[in-house]
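Here come two complexes built around chain A, the first alongside chain B, the second alongside chain C.
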Partner chain A sequence: MKKNFLKKLAAGFLTSILLVGTIGCSNASDSANSNSSKNGKVELKIGTWAGAQELKEFQAIVDKLNKESKDYHLTIQSIPADYYKKIQTMAAAKQAPDLFWLSQEYIPMYAELGVIAPLDDYIKGNPKVNLNDYFEGPLQVGKVNGKLYGLPWINQPVMLYYNKTLFEKSGVELPKPDWTWEDFEKAAKALTKDTNHDGKVDQFGTVIDGWPPIATWVWTYGGEIIDKNGKVRIDEPEAIEGIKMLNKLINVDKVTPTKTQAQNTGGPEMFKTGKVAMFFGGAGDDFEKQVGNAFEIGMTKVPHAKTEATFSWIAHTVMSNNTKNKKVAAEALVDLTNAIHDWKILPPTKSDLEKVEKIRPDKKYAVDIIKESAKMARGFNNQKQQNELDNAIWQELYEPILLGKKSPEKAAKDAAEALRKILGQ
Partner chain B sequence: MTFTLTNPQRKKIQAFFVYLFLIIASAATVLPLLWMISTSLKSGDIIFQIPPKWLPDSFYWENYRRAVTDIPFFLYLKNTVIITGCRVFAEVFISALVAYGFARFDFPGKNIWFMILLSTIMLPGEITMIPVFMMFEKLGWINTFKPLVVPAFFGGQAVFVFLLRQFFLTIPRELEEAALIDGATRFQIFYKIFLPLSKPALITIGLFSFQGSWNDLLGPLMYLNDSNKFTLQLGLAMFNGMTKVEWGPLMAASILVLLPTLLLFFAMQKYFVEGISLTGIKG
Partner chain C sequence: MKKLLKKYEGLLFISPWILGFFIFTLFPISFAFYIGFTDWNSFTAPKFIGLDNYINLFKDPNFLNSLKVTALYAIFAIPLGIISSLTIAAIVNVKVKGIYLFRTALYLPAVVSGVSIALLWRWILDPDYGLINLLLSYIGISGPNWLGDPSWVLPSYVMMAIWGAGGGMLTYLAGLQDIPRSLYESAEIDGANWWHKFRHITLPMLSPVIFYNLVMGIIGSFRKFNDAYIIGGAENQGKFYMVYLYENAFNFYKMGYATAMAWVLFVIILLLTLLVFKTSPLWVYYAGEIQSSKSKKKKTFEKNVFKGYEINRLKGAEINGLKGSEMNRLKGTEING
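Right, the complex of A and B next:
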């Protein structure tokens, strides 16, 4: 019986070694021809965070491009979790995918570290890319020191979603595109109430819990957080005016659930379940689908004060500096980005904006207002230390305001100080 | 007027509070699991309905269909089984072998080696991530299962080595002395005396190793590039998108991924509890 045990052990050991061996061998063969495949096409990898259903749709796009192109063959490298951790590790080992998706706030850092390559020279003569067709906002975030490091594939402005049914039930006038923050405030106050009379407010005008970004107020009041030249301006009077309105909504009018309430349930969930009347959401969010027939959804521009502006979630396709054949890689980048414009909303180009209705029929009711928002949507003036800056704004400004711990003036001053320290100003 | 309780009364009240506490505590533990099961059977628009419906009017099996078709579930299952199988075997067997060495042999610098081994436990993975990645890249092992499996064959897991060494130290020397007199070699003593005697401890460690490997996200994420080499945890992560979470299919897939672990724990429960009391570890 004991001999049996030894035999089993030995067998187990051998099988596992064999397994490891075969796995290793099968791989050695396909890494050998990683630069160009048999038919002379340049092999390229595209890194993406798309997952599940989205990944399948993306695969279909890539398959179509591969069929059409004589120059390159794209392979998707899916990174379903910890996207930037993996990209950064791979970049450190000079193994970054040839092309990959990058959210706006990472572009300056990657550009200055030399991880991604400027595209200007490679796309200059390409008839398939017309930079004038791109909206200024999304294109701008791809520029670092005057060079273009990526092409945007999505431009998703923050919009004001509202629960039409709830408005009508409460007899409040529906939000309009020309609303100022005062109009917004008035409606939010009217919609914040205790519906079951138990002494606790259970229906709120809106939800502000760290989302939407502080820029929603600062920009619309004519201020800036950090301007194009990298100068910190969050403690200037215009910016403070905006922060004051934010503070008023949260701490004076109390039209939003407390930070804990909001974060426990989640802002979008509160809106979906009819506990919140107005919600700041991305133009492409699929509230319509998720809410179903529970209530009717409306959508309009975010309110304004001095100017109209809205923050936009923007992501680019960028090219690794380590890719061997930059010319072909840039060509693939252009084709791929153009193809995504037919897939994701909103496309960042003026001409593709016409396709929104076709891409997402559920957005038909709001197409016009979405188009208008797309024109004024923009990203941050991202800096190399953008993640640190975002953290500082949250810690010194946004969170203390949410908790009612700082006056708007003090929060702006502290935040400006912290930002200047990070930027060395 | 003073109100005194008789002894049985007091005991009853005590028991009442004990039960109350236990009921609340077990509810807190079980509810998330129930929520997971209930969510996996709901369609997207009623998942966050308030008040929540624990039993949806009709079961939405579509989530389970999507869980296995949106991602190549069975391919990922195969990959996970291969990696986990190799790793559990290596981690248990090699850890035991190394622990045996530390427990029973005297060699120069034994304590220093042991300290070095232990210190690797304290090192957070984030620190070694990039250098280790670069090392495997130089070896050409990126995008293979090798970085996930081979290290287990070189010393197993430091924690397991430590626990098994402590366990082996409690085995009386008389047993091996008797075996030596009968002409057994050192290795024979290991597999004929130490391994059978420490079955509960080995099974416990095997379970931990299984769980660690089965649920490992970061390892496969870092080292595997082709989506046809992915493991189930990466598959699960796909439902948890950057811009939206597919709760229904995510929960359905999570349940499917959880099942093997659950079954294994139930099957090994007897040994597992024994192992905990012997080694003093628990999860």
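Right, the complex of A and C next:
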């Protein structure tokens, strides 16, 4: 009797599992098949790494667009973790979202592999896009072999944040927009000290631990890592000059905590807790909010040498090559990208730059300098093998310099060799 | 019809697993075999390039480095891990009040998720604020820059592995408790001291467990990934084989190359495991037989833990499943002893 009951129970349990399974399956296939549905609108998916609060804000933007458009209906596909791994898998199965975000370094590879489609033909004549309004830097990273593969929605240049309170306490002159690297070095040296006299330095001028990118120095000294034509130039004299300055700051002046110190505590944390006087951060970073009243923050351009330049974190919205109705998808891409310009700072267009104050009132004090930085901001001359190249630069150049293991010349030479090997030059 | 059905009834019952094996194991393995010979970015169709991947691997300094790092780690971590697990097991194999508490505490590392352990260790190994260097500073030693100094990266990883030795302890403990008291008693009557007892009773009786842990240790060391992926280490000294494989597959989009790496790893593990199996008759002792390989004479000894007399005919390698045919003669209960 008892045995029988148990049998029935097990059978019931199994059946319910099966049922749940089939229901789950049928649901999944339903949503995959409905490409064009409700009231004749084209169904489009937009892939994003936005999660949590950011996702909520993004959802509001998408809802508004859906209401306004007669042609498309957007659904968000949120991938907050392992974004590129998941996009890779989806694209391999030809299941990539119709539109998705890509950080600059991925664009050439996705373009050359045919995962994303060029936009030129679809945005031509669309009154909502004015390519001339875009800053050169952010637009440039979307171009591969002369075609435009995406529209940038953010242009976040690296800027110099400083702890005003710390400067004033140490009697050091505040950073100015026209600073050269020598001025920076002088101030950093004055701010690096052992405040509690225990024999260990506990306050640093700046923090360099793999961030900011090596380009910060190479570009401002008039050099290039890889130029627009894909030629490796990191072993040329200008680039080496920049690397020499980096090396001096780290190994001669010692104005930065060691790599391990910085990476374990986190560079931004060291700045927020007043252990570091100057920090290279993105223009949109919310240090002001995080620091509160602990100390006063200032912002200026990164120092220069021969020329002004700063690395910018740039991301684009791109269109999958597998999307069925490219014309409508491109229209949605334009609308969406334009809408994000009202949401994220910095917008990559000249006309939208006026909105910075409105989007982020906490940045009001620095709006003018942010605008100036936007003009000189640029991305890498990304290549198809960008991840591998970045890895080689870190391995052959940046890390050895951080650890004081190579001279700038040797590091540049080794890095150039590794880069050329990857690019087959 | 009924007869036919009867014949295939068994197969029908296990069909979900058979299907699973074909679809999720056999097919991917054979597909991977092909992918190893291609240039594949995982987006576009794979391009057949013959042996190029395998040839390039051995010209790739990063590959050779990852192989070296992993092999060095294995050479140190496996023996030290076995010794420490065994020692811990011997220590907690006493009957004292509250011993279960210690056993549980020592086994904890095996229960906690690898990711959290890795993050914890990153802090413990911090040169300035870390626990280890703090303790060292009390006795006047200024500790090394563990993960930040290339020459200290490997020792750091070996240390972490030893810390996890409690996980291996469990099998040794079970092995220890399986050794009949009578052996020790008769040895004591003959005047054996603790070392004699350990060397001539404990070690031989535990050799199957050591053998098992050695094989699992080899596999585990070569497949090291989690903590290495999370905490890394200066100058590629923390770039283990699997980490570099993962990088190739998911960061550099060189899926064919990564697959070739996987096959090379498979061959390495296979060869090492075979080597251990081949040497096992020399040092692994299964209760129930005294083996002298030259005379091929076998005597039964004591009470066989496997119960079945058939087991005497098997050598170590066969018990562990290398030769299936003999195994079939054993019934499940006998194997489980």
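The rule is short, and it goes like this: the second predicted complex is superposed on the first by the 402 of 425 C-alpha atoms of A that agree within 3 Å, B and C clash if a C-alpha of one lies under 4 Å from a C-alpha of the other, contacts with A are read in each partner's own complex, and residues count from 1 in each chain.
One rule holds for everything that comes next: a contact is a pair of C-beta atoms (placed from the backbone, for glycine too) under 8 Å apart; a residue touches a chain by one contact, two chains touch by 3 or more.
Only a predicted model underlies this, so the values are computations on that prediction, with no experimental measurement involved.
**Student:** Compare chain B and chain C by how many residues of chain A each one touches, and report the one with more.
**Tutor:** B
**Student:** Determine, under the contact definition given at the top, whether A:294 touches first (chain B), second (chain C), both, or neither.
**Tutor:** first
**Student:** Kindly classify A:76 by the partners it touches after superposition: chain B alone (first), chain C alone (second), both, or neither?
**Tutor:** In the superposition, A:76 touches chain B alone.
**Student:** On the A-aligned overlay, A:51 touches which partner chain: chain B = first, chain C = second, or both, or neither?
**Tutor:** Touch status of A:51: first partner only.
**Student:** Between chain B (first) and chain C (second), which, if any, makes contact with A:394: first, second, both or neither?
**Tutor:** A:394 sits against neither chain B nor chain C.
**Student:** Touch test for A:269: chain B only (first), chain C only (second), both, or neither?
**Tutor:** A:269: touches chain B, not chain C.
**Student:** Is A:365 touching the first partner chain B, the second partner chain C, both, or neither of them?
**Tutor:** In the superposition, A:365 contacts neither chain B nor chain C.
**Student:** Just chain B (first), just chain C (second), both, or neither: which does A:109 touch?
**Tutor:** The second partner, chain C, only.
**Student:** Is A:92 touching anything from chain B or chain C once the two structures are fitted on A? First, second, both or neither.
**Tutor:** both
**Student:** Jot down the residues of chain A that show up as touching in both complexes, chain B in one and chain C in the other.
**Tutor:** 85, 89, 92
**Student:** Residue numbers of chain C touching chain A in their complex, please.
**Tutor:** These residues of chain C touch chain A: 41-44, 122-123, 126-129, 145, 147-148, 150, 234-236, 247, 250-253.
**Student:** Please give the residue numbers of chain A that touch chain B in the complex, ascending.
**Tutor:** Those in contact with chain B are residues 2, 5-6, 9, 12-13, 16, 19-20, 23-24, 27-28, 31, 45, 49-56, 75-83, 85-86, 89-90, 92-93, 95, 269, 272-273, 275, 282, 284-286, 289-292, 294.
**Student:** Across the complex, what residues on chain B touch chain A?
**Tutor:** 44-45, 48-50, 66, 70-71, 82, 85-86, 89-90, 93, 129-130, 133-134, 137, 140-146, 149-150, 153, 191-192, 195-196, 217-218, 221-222, 225-227, 230, 234-235, 237-244, 246, 249
**Student:** Write out the stretch or stretches of chain A touching chain C in their complex.
**Tutor:** Against chain C, the touching part of chain A is residues 84-85, 88-89, 91-92, 109, 113-115, 258-261, 264, 385, 387-388, 391, 395, 399-400, 403, 405.
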